[in-house]
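Heads up, there are several structures right after this.
In what follows, chain A forms one complex with chain B and a second complex with chain C.
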Partner chain A sequence: MTAPKDNGIPDNDVVLTTRSRLARNLADHPFLNRASDMQSALVMQTAQRVMLEAPLSEKTLWMDLDELTPLDRALLVERHLISRHHAESSLHRGVAISSDEHMSIMVNEEDHLRVQVLRRGSRLDETFEQLMRIDSMLEQHLDYAFHDQWGYLAVCPTNVGTGIRFSVMVHLPALRITNELAKVQRAAKELHLAVRGYYGEGSESSGHIYQVSNQVTLGRTEEEIQEEFSKSIIPALIDYERSARNVLMKKNSMLLDDRIQRAYSVLCSARLLKVDEAMKLLSRVRLGAALGHVDLSLQTVDELFVQIQPAHLNQQAQSTLSDNDELELRALLVRNTLSQ
Partner chain B sequence: MKCDLCNKPAVVHEVSITGGKKKEVHLCLEHAQAAGIAIPGQQPINKLLTKFVIGQSPKTSGTQCPNCGITFAQIKRANLIGCPECYNTFQDSLGSLIEHSQFGASSHVGRVPNRKHTPNQFELRARKLMKELDAAVTAEQYERAAVLRDRLDKLSTDVHTEEEDKQGEESGS
Partner chain C sequence: MTAPKDNGIPDNDVVLTTRSRLARNLADHPFLNRASDMQSALVMQTAQRVMLEAPLSEKTLWMDLDELTPLDRALLVERHLISRHHAESSLHRGVAISSDEHMSIMVNEEDHLRVQVLRRGSRLDETFEQLMRIDSMLEQHLDYAFHDQWGYLAVCPTNVGTGIRFSVMVHLPALRITNELAKVQRAAKELHLAVRGYYGEGSESSGHIYQVSNQVTLGRTEEEIQEEFSKSIIPALIDYERSARNVLMKKNSMLLDDRIQRAYSVLCSARLLKVDEAMKLLSRVRLGAALGHVDLSLQTVDELFVQIQPAHLNQQAQSTLSDNDELELRALLVRNTLSQ
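Our next item is the complex of A and B:
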């Protein structure tokens, strides 16, 4: 087996991204489900002032979501910088994003603040450290809602306490092919982990990509939750998937290669591509890239996962694409990228 | 069974044991009412019984959070809490809801805010205006509410201007 191309990113053959996020609310302000228009606007003003004042990242951009077009909001969703819920909500809401796109702070999502740090590959420790630094900075400017027994208060009881949620986005095609995925999902349930799709809560898995995150935020320290994630959960997921890949390589090497090469050929020649079909085929090609069967970097495939999404295609075309034009542009983009 | 006092069917049956002796009374509707014995099903249970203890109803049922007005029933239905004060108002009931959501965990052991933030002048003024605005809206003093809203708007414009001036000075220096 040849080593995958981009070795610089830890465990990128299985792990696409790791993310740490905090739910925080301001003291003396009603939560958003009970806030008046004026009250939610006040949270926005307070947050905006702090986002621009505090040195949260080298360069922080602030966006008022009401002032963005639906296309711009969709672009942010496709880049995992805001949630679908945040994009579609009718409240006053905004987002602060670092120019490297590692940090995003959603204001007036479900909670007043949702602070997240996202990195490619298995880098939970780095995302956690950066998140804690950002939280300490924000705390100097904001009075957070805190309770002696329940810690940081949140809108939903599932987020109280630390308010911390770690997520790892993993590519598990071999576990899917070997029908072992159900076993992983059962184990995750026993460990109180949530398994979701490519766009998080409420989304389906696309291209055999799953988001795994902790459900318990109370009764353990941030470090304990993080350590369990970094030292047991992520390594176990990587290990399961790699073992399944090895089994496939040993037992059905030709069949596996056939699936990868067929997917690659279709992507290189298709003239019309639906997003789901493209994700599915790219997933096989990604497996091929990870196993060294396809001369392609994992980064190229991961970027394609984002670039082939509808808003990105519309943005590239600088116009509103018809359904058919969208399929055509997607196929063209994939063909051009793979032939480079 | 017939009434002890007439031939009508008995609807009230009372059995009492006094000094080891059993005594039975069977009365029809009219004679039972005349004897001051109420008929089951005709009156609310609390009027029917003279000796009862009102059980401790959950503190939170029907009560509203004094800060945001939400009831516990609304919280439970949506699994969404209304404001930080709800955590004190509905402490007992929320405890079990939180434990259920957190797979049995009930106490925070993680980070605590390392510094209580001191609100700046802008925040203090904004909070005061917000409280006055809420009170004006509740009292249906809409003209006053409009004035307060304009003051809040002006306050936020002033803060932005001040920030821009500050940034201008910094970049100019």
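Our next item is the complex of A and C:
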């Protein structure tokens, strides 16, 4: 199978997004796990000043998370711009976000700074380059905790060294149908990769979407890690899933079509939809869209993955939805979007 | 709610069919549980002669079950014209069926004769009258085993006396959704009613369809039993189910509509359908049709209940279907019928 494209987004049939991120800590400031209230406030102050001064992106928004409502913080989590841990933490904390949402810098998450670049499709080189540019700019203004032998220091040992982590959000519905996911997960473990759910650490897989990331950053250069991830790991994941799709299409096309058509028609007709069920059905429809069995763009499906999340629905309703109203609004949103 | 009608079929929103049947045994012939091969063959001979001579219906077909293929016997079971027990028994056995399929007389099932009249909708009076007419005609030609004190004799004590049994096949999806079925089943038990599945004794309920019948025929006249069944039991069952439907429509119309619309769209889109799933989905669509939420006649749904059964599909295909081919053909049949 040749690689299908969706509006020119590379390998988007399997890879939803690619993310490169750095963990950084300021020198002469205690790590957050041992910082006082005042000391963490000082990190915030320093970081905020730099975020607003350095030309990190065309337009950078700065948000103090304490000043946001819980709904606004949940929206940022659902958009993958901050982590759940960051939203729920009790520290002074903030985030800088580029207006195109490609870049976000969490301040006082686990480390003083977590810089991420996130793009649709398989774009490790692009996100890595952009991340390196941002890192250079920040380093002109900030003095990082660095050890000659260990490299960049971080709260968690797995982040010590380069502090870099690459991850791809991959959609593996065919491997799920053919019961080969366990095999992929074993292979990932041997390669020291972490396999997580749609909302990262501690989250469950939803809609057969998995976040796969490197684990070890110590003792290797950023470039070495990036090369391995870009040249071996991502292509292997894509290949596994595409092969499973090929097998299904050749050997069990009726089963495949049954799953896709049922999912599509339930999404077009349900009056009440729970988020987990919606994710699962959208996953099958996404597979159908990738294979050309359903006339829908991958982008529409991927946007729905986010728009059906609870905070997004509450924001759309501009009120606090009851449980039942949330199920109704989700079903309505999905019906309207798919019937367009 | 007023009683909806479907082409003038009374109370068809809840009652699929009404059946009246008699158990009869010939005098001077041993009961089947103690008859020799020759003795049961003699019963067949006697019965067959009468069936073909007496004007039981405009056109009566006689079938020797031993001469039919297993597929043909299965077809008769699926059409509720003979019982599973009758199809699978190793006795000499036959059946007389009126060409409109309203009447069938099983010979050598549990008793020498089992005479049934089956009609769509709630029609106890009609089926009872027709059954009595057939019984009178048969009695002119046959000498029945009768005891002055006990009445008509039968193999099973529950059939001794009048030998009559009334049953209705009722569709109770709303009682299922509102979790009130257990209550109805308890009430039925107190009234000495048997509650069975779609294919009678020993079968499971399928598609929320239940066969409710009287159990005791001893010590009362046919008319007394009929009066109670007709005036109390059937109206109560109909009322329970309609009340549950009313409650759902008033208090949880979105849930109701969700179940109906999902079922309808899955039936219109599935490529593979198992019989149990199809029955369950058709049940919800039948509820939708009864409430006017789905533009479909109850008759279409009720015919599908029969046409999706395995023997009917094999007959339609005119070949022995593989398991997978059966799932495909069922899905195709349902899709085509619903999209007409």
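The working rule: the second predicted complex is superposed on the first by the 334 of 340 C-alpha atoms of A that agree within 3 Å, B and C clash if a C-alpha of one lies under 4 Å from a C-alpha of the other, contacts with A are read in each partner's own complex, and residues count from 1 in each chain.
Basically, a residue touches a chain if its C-beta (ideal position, glycine included) is under 8 Å from a C-beta of that chain, and two chains touch if they have at least 3 such contacts.
Fair warning: this is a prediction, and the values are worked out from it, not measured in the lab.
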Next item on the list: State whether A:271 touches chain B only (first), chain C only (second), both chains, or neither.
Entry: second
Notebook entry, point to check: Which of the two partners, first being chain B and second being chain C, lies in contact with A:156: first, second, both, or neither?
Noted result: first
Next item on the list: Considering only touches as defined above, state whether A:45 meets chain B (first), chain C (second), both or neither.
Entry: first
Margin query: On the A-aligned overlay, A:280 touches which partner chain: chain B = first, chain C = second, or both, or neither?
Written below: neither
Checklist line | First (chain B), second (chain C), both or neither touched by A:261 | finding: second
Notebook entry, point to check: According to the contact criterion defined above, which of chain B and chain C contacts more residues of chain A?
Noted result: B
Next item on the list: State which residues of chain A lie in both footprints, the one left by chain B and the one left by chain C.
Entry: none
Note to self: Please output the residues of chain B touching chain A within their complex, sorted ascending.
What the structure shows: 67-70, 78-84, 87-88, 94, 97-98, 100-117, 119, 122-123, 126-127, 130, 133, 149, 152, 156, 159, 163
Check: In their complex, what parts of chain C are in touch with chain A?
Finding: 254-255, 257-258, 261-262, 264-266, 268-272, 324, 328, 331
Next item on the list: Quick one: which bits of chain A touch chain B in the complex? Just the residue numbers, please.
Entry: 25, 27-31, 33-34, 38-39, 42, 45-46, 49, 52-53, 135-136, 139-158, 160-162, 164, 192, 215-222
